[in-house]
């Protein structure tokens, strides 16, 4: 089976301009994930906001990406509208899309959701427990029933997403909030997974369970072979009608 | 519009044999709910485990019930199998069914779910926050985004239910657990709602938001007019086939 | 209870420029529906593509619309992008949206879906049978298990929509095609219903069952009272944390 | 990866007692499927109603089955209740279950569904078109958008199943009926797939697309590694509470 071509996209701003984020991810979140996810069946590339004028996401790059990871937080507005639309279109054609942490408010994710995707939030070093509520799903294999993140940014309900196809995780936060923190969606024939952990101020992407979830999600989101179900869509009747 | 005929079924054992439960519900949970739910559009009756040899749930009672509430905790095993099957059959024909607290393990609920419906649990005076995750649903109208229960029995994932039709509430528990605490299901043409609050050791059914949720659920679960979609099911073709 | 303020939006082009469409709907599809839907609990207005430069959908009109019906077929491209975005935003805030027939390709619907929403189609006078697959849903009350449309435009799978929240109808077409022809979605807190019948060349909106479905959908899509769940979203912890 | 242990269970009555069924499946439906599904990653066994007094489904056989296929039509009532309950329990623990054709009315399927699972039906040599409505699902890979069965027993709505987790196929029947013909469900941590084709009077299991669907479903339904999420369910709090 061919390798899965993964592109990890990162805003890559906090890790340059904020000391605490830099301490967690000296080479950027994208590099941390690229190392953690390294595997024989994956071909991993990276891109970031200022990589080039298309944010490293040219038509060619996307055409050769099977699964795109997206991390952004403070600079969603700096992503070009046409690049965001290009990403969304490619997902609809089958590319997997894994939206990490604040990517709930990224341009491509909102284009795909058609919903505000707002959350409650709080930066207060909340302890976080991630609970698995879908034991048989490919994304939870090898992941325990629950795992701890010692500190995370609180993301809580009300999360104004469309009804997910599948609910995979619920997160508990020390301060009293709960959150649908792992959700799947389908757009066109592309598979989408949203996963909450990963505030830049905390080392969540060094956590083995977080890494395992993302690794599983990549395999799950791998595109099915392309099929143009609308080719010849104005087709002749498939069954001969009586008397015609 | 005709009144909705509600039967509130209660095990009614703890409130007789346990001092603390009795202090919360001197007349039983069923009477507490009957008073709280009193409304012009409802005709409320009650039944309990030892009301008569059919637990107060004769064929006639069920035939005249539009929505059945079910509370049980310690004596699920004492419910007659035939009565449980009768309840499940009536739900499939359209009667609404509201499973309260430990009713997740009641015989009728398990018959309807086809799944173990196990939970993690802990009696440790956990503070509980109930979060609304379905803002537009009839069951959440007039209910705030979240409400507190000062103390509740912890019910937590993994909750081995079938995938709910709709997820309505998620509960947060002080000790670190989260739970899909409000869920809808359909069986036959009957509507089912599971709702977690209500351990007998705490006064949760005196809480106005808990009462509002149950009141809403009754109206939501009201049966649609009966329609026998399988009548004449071995019917003649609905469209004349060519050459036949 | 306050009346439901309904706005019926129609492209209103075929009924002017095509003799056959005009014969079916001399005053336009919007007027046909307005008459059919007339009821004491509804306050019905109409708007159309060339009503004014905003297609009759000013901010004020939308702010005073509870449920918007949308019919368009040949001139989706002539709808202003800003008006389409305005409609989508208002849905996310709670306005109901009923997408009729070719509205699957309208700008507001596609913005809300985030998916191509393509279909197979054929104009060949196919007989159509609409099957109810959700007997207890408010949208199917008073609607028979199935009803016939003597001739309709075939709309068939593959329908590249997101997974619907609820599947309500499946349509059968004489030529061999099947279609998920009644589907619900949620975006923000707004309810959306897509319903297939209504090609301008056929008199489908004169059909009593089609009218009943739309009438039911209006009541179902009525917005819940507005609640700003993100107000104060960066809120103080709801539970006091130990040692803080 | 270990082989998937598949048991194909067949009523095996019509193929003995009915000439037309015997002509289609001289060795029985189970043998036809066993040959068609033969593959390096599968270890296939068969069982049938009269194989032994437990219908070939002893505790040991089930304990060593990863995915069970079930075909039954005329003799559902002859399956022992305890064996049916044993099958359902094993599914809840993770065994995959593929219910073929009339297995919608089999005892294990109904126990797992908690719903009547009635259908409309007609034996009238209806042409059948099976439409794929879930292009990215593992069960539809390598299966065309639609395929024909020259003649099949009509199974049509209303199909009184619980809301499926996923809708995979819709079937079109010549006589005017439509049917949710491929549906997935979860019970406990077991995966279930219902698939309509396969009346004994027609050679549907010789069809390559039908075979491909079943082959895919087996891989999809393979159980996840067992995990007892309720072990130690009355556990100590996972987070230390303040002041306790």
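Here the chain labels run A, B, C and D in written order, and each chain numbers its own residues starting at 1.
One rule holds in what follows: a contact is a pair of C-beta atoms (placed from the backbone, for glycine too) under 8 Å apart; a residue touches a chain by one contact, two chains touch by 3 or more.
What you are looking at is a predicted structure, and each value in this text was computed from that prediction instead of being measured.
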Larger contact count among C-D and A-C belongs to A-C
Considering only mean CA positions as chain centres, point out the chain farthest from chain D.
-> C
Could you give the separation in Å between the centres of chain A and chain C, each centre being the mean of its C-alpha atoms?
-> 30
Give, as an integer number of Å, the spacing between the C-alpha centres of chain D and chain C.
-> 36
For chain B, jot down the residues that touch at least 2 other chains.
-> 129, 135, 145-146, 157-158, 160, 163, 165-166, 174, 176-177, 186, 189, 229, 238-239, 241
Looking at which chains touch, is this a line, ring, star, complete or other?
-> complete
Chain D to chain A touching residues, read off their complex | 94, 127, 129, 135-136, 140-141, 145-146, 148, 165-166, 174, 186, 189-191, 223-225, 227, 229, 238-239
State the interface residues of chain B toward chain D in the complex, per the touch definition above.
-> 88, 92, 111-116, 118-122, 124, 126, 154, 157-158, 160, 162-163, 165, 174-177, 185-189, 229-230, 233-239, 241, 244
Footprint of chain B on chain A - complex, ascending = 129, 131-133, 135, 145-146, 156-160, 163, 166-167, 170-173, 176-178, 180, 240-243
